[in-house]
Each structure stands twice: as C-alpha cells, then as structure tokens.
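The next part holds the structures, each set out as structure tokens.
Two complexes, one shared chain (subunit A), two partners (subunit B, subunit C).
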Partner chain A sequence: MFLQLSISGLSQGAIYALVALSLTVVYRSTTIVNFGHGDFVMAGAFVSYVLTVMLGIAFLPAAVLSVLALFILGLCFSRGLIRPIRGGPHIGFALMCIAVGFVMRGIARIVWGREVLPMPSVFDMPPIFLGNLIITGDAIFIIGTTAVLLIAFFAVLALTDVGKMVQAVYQSQRGAQLIGINVDRFNDVTWGVGAALGAVGGILIAPVSLLHPDIGASFLIKGFAAMTLGGFGSLHGAVIGALLLGVAEQYAGAYINTALIDITAYLVIVIVLLVRPHGLFGRKSVVKV
Partner chain B sequence: MMPTQSQLRLRTVLFWMVPLALLAVPLLVNSYVQFIVNSVLIYALVTLGFNFVIGNLGQLAFANTAFFGIGAYASAIATTSLGLPWLATIPLAGVAGAIGGFLASGAALRGIRFYYLAIITLAFGELMRWLYVHAKSVTGGTDGLSLPRETVMGYSLTDDRVKFYVFLVVTVLLFKATLNLLRSHVGRSIMAVRENEVATASLGIPTSRVIVTGFIWSGFVVGCAGSLFALHTSYVFPESFGMLHLIISFAMVLVGGLGSVLGAVLGAAALTVLPEYLRSFPGMEELFFGLIVIAVLLVLPQGLASLLRRVSPIFVERFYRE
Partner chain C sequence: MHDPLMTICDLHVAYGKKPILRGATFDVLPGECLTLLGANGSGKSTSLNAICGFVRPASGSISMDGAELAGLAPHEIFQHGVAQVSQKRDLFPDLTVADNLRLGAMRRGGKAAAQTLEQIYARFPRLAERRNQATRTLSGGEQQMVAIGRALMSGPRLLLLDEPSGGLSPEFCEEIAQLMDGLKSDGVTMLMVEQNLKLAFRAADRFIVLRDGLVVDGGDVKAMEGNHDAIIKNIYL
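Coming up: the complex of A and B.
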C-alpha cells in the first residue's frame, strides 16, 4: 500500500515538478510570477490533443510540435504583451498573465464547450507486477520523461555556456546587460522555455486524466505549493517540493480522507508560509521593516 | 490639476445628488433593466472593496471572490438556519467578510508580502470554495441554499424595485465610508504603503498592521456586497464564487481605474451591462473579460476614470497612483 501510494505520488509529483520548475525559471529571470501558467499547461495538453486525436499525428511528433507551439506562444506573449507594460506598476504583469490565461481558457471552452475529452493512453503496455505492487506504463512513462528532462535541464544549467549566461542574468539583470547579454531577448526566450516546459507537463498528464478547459487552475496551485514548499525561486527546491507534494497528497488521501487530496496543496501553501516562509531551500523572503 | 474650492463643493453636492436622482429609477425602467441596475450596485461594491486592496493598498490579492462568497453564505445561513431577517444579516455578512479579510492577510503580520501574500489569498479562496462544497450540513453542498421570501414594512423583498432601494442605501453608505477612510490617517498610511513600504515604516507606521487593516475593510465591503447578492439571486451556491467571478472583478477594477473610487462605479456599470449578452455562450465571458483586461493594460492603464479626469478636475482624486 505504502509503496503503491509512493509510486502514484511520484508520478503526480513529476508533473507538478515540470509546472513548478517552469514557473520558477520565469520568476527567476523576470521576477514575474505567471498567474496564467496553468492555462499554458492546459493549452499544451489541448494542442497535443488536436494533433493526435483530431489530425491523427503519432504521439511523439505531435508532442514535439505542441512543445514548439507553446514555446512560440510564450515568446510572443513576452514580446507582445509583457514588454509594452514594463514601465507600469508590477501588479500589471500579474494581471496581464491572469488575463491571458482566461483568454486561453475561454477559447478552449468555446471550441470544446463543457465536454470532457478522453485522451488515448500513450504507453499501452501491460502493468508490471512486483509482488503486490502494480506499476503502470503511464507511471513509468511520466516519471521517465520527467527525469530525463530534469537531468538535461540541470546539466545545461551547470555545464554549458548557456547555463553560465542564465546564472549571470539570475544574479543581476544589470550586470548581465553590462557584459553584453541581451536581457530583453533572454527574457523572451525564458518565457518560451517556461511555456514549453509547462506544456510537457500538460502533454504527459493528458493521457492519464480527462481533458477540460479548467485543468490549468489546479496545476497552477500545485505548482505554487511545490515552489513554496521547496523555497520560492529555488530551481531544485521546486522539483523536490513538487515530488514531496505529489506523495503527500496520496498519503493524505489514503490515510486520512480522500477529500483531502484536493486541498493538500492549499494547506501546504498556508502552513509553509506561516511556519517557514522561505521553504526548504529558499532564501529568506520575509520583509523586515 | 487639482480641483478648486468651488469645484470641491460641487463634487460634494454631486455625490449626494446622483443617488437622489437614482431614487427615480424604479419608476422609469422595466423589471429586466431594474435587475441589471441592481447588479451594477452590487458589483460597484465588489469593485470598490477589491480596488481597496489592489489599487489603494497595492497588494496583489485573489481573495475578493472568497469575501464575496463568505458574505453571501453568512447571509444565507443566518436567514435560513438562524431565522434572522435578511436586513439584519447585512452587517453580519460584512463582519464575516472582515474576518475573512483578516484570515486571508494575517500572514502579512509575519512579514509576508506581494506574491507570497497573493498566493496565500489564492489558497484561501480555494479553501473557502472547498468548504462550501464539503460542509454540506451548513452550506447545502453543491445544491446551495435558497433564501426565504421576506417582507419589509409590508413590501416584498422579492420585488427588484424594493431591493433596489435597500441596495442603494447600502452602496451609498459604504462608498461614503470608504471615501472617509481613505481621507483619514488610516487611508493615507494604506496609500503610503503602496508607494514605498520602507519609507512608510521609517515614519513609524506599523506597515504590516496597515496591510491587514486594508484587507479587513475590503472584506467588510465585499462581504456586505455578498449579502446583497444573496438576496439579489435569492439562491447561493458554490459555482457563483469561482474563477469567473475573479476575472470579472479584476476587469472591473482595471476598466474603472486602479485605485479610483469613481472608477469602481464606472467599471461596474460598464462591465455589468455589456456581458449580459454573452452569458449563454460558454467561454465567451472568460474570453471577453480577459481581452478587456489586456486591452486596458496596454491602452488605458489608468482606466475610464482617467478619461473623465481629462474632462474636468472635479473627477481628480488623491487615491490612485499618478
């Protein structure tokens, strides 16, 4: 029972990790928290649905195309809607993100109405039995893909020149500008990467759950909860926080009450911010004035 | 350009003349228009309360929907379970909303600000919605609660024209109270925190407490609006307090003008009338309000109130960021 819960928790947590990481990537370089990110995740899932189910493209090329589409969408969003309001109050960014999220959600609902779309399972292999333990193909697929992506992401960050550039911008936008990094373009690309990473989460979750225009909202909250738990702004914190959250949800649901699965994330946010506002790995975030 | 003394006096006269003129509305319009006008009054209060937090206090918050729901449920529960007359539940709903405001923002006392506070308020709102659904014995779960039919001094409270007069009195009182609060030292501290918290604190103002105060007043105003909403639709259920209501509130605040009290009326009036036609198409409202917010942010960041300010200095306030 315990191991079974841990595995389903980890596969949920893997999705949350992608969402939380993509939120963090954008936050670290632009100091904007994308309150519309859940809807980017939703958009990724819907684009892959259109490509695979409606146009009949095979899953893998469809997934790559969806990620690419969301990358471009994120880039255009940054270039067309975030840059023009840079001069205004910071609250404007958050409102812009929310508004764009609602626009995407509205479009999805206009096209698909209130129906709930089932997505065919991608990894149609018989589940593996290890004693009492059942491991589904989907769980392996989700955890495996996420692990590969995360390793690649952190390797790029730690080992390559691009990674050094990212670290430079994270430390100081101004300093990065002084040594010749085009920070504006960097931020646009970051938005693209954020949207694309989120889309991967959406594409992975689509086959194991039902698609509807409102799935984004819950992912946003889970992403926030993971970030808060791991430490707001910490990249590895976001991943670890997400995995912990995924597992915690399953335990809370199984051992206490199933209704708790829905609100574990909220409780995590409230408790962490009250008890330890900087989370597990974050820097002190509290204002002392 | 600031208004002159005579313009200020004219403004005071206008503030009381407009509601007096509105008293004639029920005599002039049909029942459908009356229903819309009632909605405008409720949304004006919702926008006023929300604007108080995001426009005047300058904190990002998502709990507005929660305060609205708390007020509506407080009113519905007090009338159905406790048997109180609806009129008596308005202040009760306000207090419930104010308590909600304290709970949503209490973390500010521990030094939690902006994004973190926003996320807490988001979580608070969702927790409340979870509670509406799961606390079945009190809230009626997903079925919701319907309010009993009542009369006040012989007039039936199911009549939209009777409701209008009650709504109008509550709205005018809360607008006047908010204006007074904004002009007091509390209001000035609230706007000072928005401009520069460190500088405000250096003047010896307890900024954390100021932030919580802002949320409490916002909760009170929106809670009262929730109570009106409960009677307006005579039916309270969780769906009314979801994400759609959130984007509507954001859009109304922005369209009217961030931080402007006059803007709260303008935003509510403009956006309550327009989308009535969209209601029957799923998704259209979300698309519409989303696009409105984007357009306002790009083209008219100070909202409709800023257009009026260009016409006459009478409409200049000291509550928004220049």
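Coming up: the complex of A and C.
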C-alpha cells in the first residue's frame, strides 16, 4: 500500500511540480506572484480539450499547439498588461493577475457553463502489475513527461549559455542590463514560458480528471504550498516541494483521514511558514545593519 | 585636438520633482580618462546613469559618433559600446568568475570573446586562479576585478567607472590606479566618478567639477599638479 500511495503521490506531485516551477520561473525574474496562474493551467487544459475533442486533432499535436497558444498568451499578458503598470505599486501586479485569471475563468464559464467535461484517456494501455503494485498508463505518462521536461529545463539552465543568461537575470537585473540583456523582453518571454509550463500541467491532468472552469484554483494553492515547502524562489525546491506535497497528500488521506487530502496544502503552508519560513531550499534573508 | 568620443550637452535629469542635473555640458575625448568630481548630490553618478540609460534625461543630448543615446534603453546603449562598472558592481553572485566574465562578451563572437578572456586573465591573474569559484565567495577587491573584467569583455569604446575604489583597501586602490594606467596605455577611454581624490588625480587626464548639476570647473590634471587644494576648495566650498 505504501508503494502504491507513493506512485499516486508522485504522479499528482508531478503536476504540482510543473505548476510550482512555472510560478517560480515568473517570480524569480519579475518578483511577481501570479495569483491568476491557476487559470492559465485551466486555459491550457481547455485549449487541449477544444483541439482534441471538438476539432478531432490527435492528442500530441494538440498538446503542442496548446502549449504554444499559452506561451503566446503569457507573452501578450506581460507585454500588454504587466509592462504598462511597471513602476506602480506591487499589489497592482497581484490584482492584475487575479483579474485576468477571473476573466479567463469567466470566459470558460460562458462557453461551457459549470458542467464537468470528460477528456478521453491518452494512454489507453493496460496497467502494469508489479506484485501488489499497480502502475497505470496515465501515471507513467504524467511522471515520464514531467521528468523529461524537468531534466531538459534544468539541463538548459545549468549547461547552456542561454541558461547562464537566465541565471544572470535572476541574480541581478541591473547587472543583466549592464551586459546588454533586454530585460523587458526577457521578462515577456518568462511570462510566456511560465504560462506554457502551467499549460503542460493542465494538459497532463485533463485526461485523468474531469474538466471544469474552476479546476485551476486548487492547482494554484498546491503550487503555492510547493513553493513554500521548497523555499520561495528556489527552482529545484519548487519541484521537490511539489513531489513531497503530492505524496504527503496521499499518505495523510490513506493513513489518517481522507478529508486531509484537500487541506494538506494549507497545513503545509501554515507549518512551513511557522517552523522554517525559508522552506527546504530557500535562502534566509540577511539584513545588514 | 581630437573630436570628442562623446558629447553631453545641456543635460537635465530629475528624480521626481527634484532636479539633479540642470544643464550639464561636457565632452569625453578618445583615449582619455576623465574624472567627474563634486560633493554628494552634485550629479556625478546620475551623469553616468543617464549615459547608460538607467535614468531618462528630461532634456538635453548625449551623442556618440553622431548617434543620439539620450532616452535609449540600457541594452541599446550597451550596443553602442558603452559599458559601466557600477558602484554596487551588480555581479551575478552565484555564477562563477568565468561565467560572469563570459557573459560580458555576449554581443561578440566566440573567438573574439575567448581571446579577450585570456587577456583579462593575464591582466588579473587572481581571477584566473579563481575562475571556477562563485563570485560571492570573492573578496571585495576581487569582485571589483570581476566587475571591471566583465565590462572589458565587451570591448567597450567608453568605460564608465562609478567609484572604482569604493570600500577597498588603500593597497587595492593602488592596484586600481595601476590597472587604469594599463587601460589608458591600451587606448581605453574612461569616464570615472571617484570620491577618492588621490586616486582620481593619480589616474585621470582631465577633471570636471559638478556643483548642483552644473559643470563649474574643469581642466587638465597635470596642469593643476601641485594645486589640487584649489580644486578641492572648488568642490566642497
């Protein structure tokens, strides 16, 4: 049972990891917490639903198109709505994110109402039995896709010139400008990448869950919990925090009470902020006096 | 007399409603080291930040070889060959010395950048020894070397130095002065803001005194040799 719960937790945690990582990517470069990010996740899932179910496009090309669409949406969001309010109060960014998120959710409600929509299973393969352990095709697909994406992401970041440039902007925006980086354009692309990564999470969850316009809200809070646990601003912390949250939910639900699944993320936020505010991998902020 | 490399004309800069530069006008000649002197708040660092695009001038002109730089974004000004070593250095603390330096040459070809990197290591042997160390682990003086090296990696036509001796020991100030001598002999044009007047007079060819955002004095450092007290009086009194 323990192993079975761990596999389920990792599968769920993989989705959280994409959401938390995409939130962190935007946060690191812009210091903006995207409170509307759950709705970008929802939008990714719905775009893939439209393409696969309504237009009959195969899942993989539809997924690629959905990611591309969300990349463009994120980029336009930054260019058209975040850049013009730069220099204003920081809370303005948060309110803009929330407002745009609700607009997207409202559009989804206008089109589909509040009904839940089934998405066909992507990996219609029989489950793998390893003794008592059952690994479903969906779990393999979600964990495998996320693992490949995360390895590619961190490899680019650590090993390529583009990755060094990204790290440079994360560490000093002024320093990045001093070496000729167009930081405004970089931030636009970052919003695009953040929205695209979130969309991947939505696309992966769509076939194993029922779609509805409010689906993003729960992922947003899971993303925040993973970021808190991993340490705000830590990219690898967000991923590890998300995987730990995924398995913690499963263990808490199975060994203590199923009602705990829904509140584990909130408990994690409360406990981490009280006990270790900088999370597992975040840096303690030091104020020199 | 050479044509100026850069001409700053009637430059006005304000932070909110508070004017800092009120019509500053001066030239930077090719191959020289020009130092901006002045009391705190006179507009020295603001001049550098306006040239680099970090603050937008309210009016006036900053021209370099006929190109108008006033109002451009920092990355666009960098493309014109203006590099700055800022007061806070603005390094990338978690990246290695080698990465910090290489990033300075992003706009250049790989071969030219590799050649310049070797020149930087030859100029700063301590950086060569620490090339794989994260810059946050270096001393203040070594970090200043990285900041100067990173700016030089772009092959700048004009190097701006904002308080290069800030927070450094007297021994390291002398190292900075020697480094600037070397840069001058290599033909690098420099515009420097420096509170340490000993270093300023030691390294600069010309000086300009700013007071309340206006140029009130200026001249040849060598011609004023032995009469630095007059310059100091002009700055502070």
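By our rule, the second predicted complex is superposed on the first by the 284 of 289 C-alpha atoms of A that agree within 3 Å, B and C clash if a C-alpha of one lies under 4 Å from a C-alpha of the other, contacts with A are read in each partner's own complex, and residues count from 1 in each chain.
Convention: contacts are C-beta pairs under 8 Å (C-beta built on N, C-alpha and C of every residue); 3 or more make two chains touch, one makes a residue touch a chain.
Here the structure is a predicted model, which is why all the values come from computation and not from measurement.
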item: First (subunit B), second (subunit C), both or neither touched by A:N182; value: second
item: A:Q167 touches, of subunit B and subunit C: first, second, both or neither?; value: second
item: Touching partner for A:T145 - first (subunit B), second (subunit C), both, neither; value: neither
item: Touched partner set for A:I269, first subunit B, second subunit C, both or neither; value: first
item: Touch list for subunit B against partner subunit A, complex; value: 54, 58, 60, 107, 110-116, 118-120, 122-124, 126-127, 130, 134, 197-198, 201-202, 207, 243, 246-247, 250-251, 254, 258, 281-291, 293-294, 297-298, 301, 321
item: Subunit C-touching residues of subunit A, taken from the complex the two chains share; value: 161, 164-165, 167-168, 171-172, 174-175, 177-184
item: Interfacial residue positions of subunit A with respect to subunit B in the complex; value: 33, 35, 81, 84-85, 88-92, 94-96, 98-103, 105-111, 113-114, 213-214, 217, 221, 224-225, 228, 232, 259, 262-263, 265-267, 269-270, 273-274, 277, 285-289
item: Subunit A partner contacts - residues on subunit C that touch it in the complex; value: 52-54, 73-75, 78-79, 83-84, 86, 88-95, 99, 102-104, 106-107, 150-151, 154
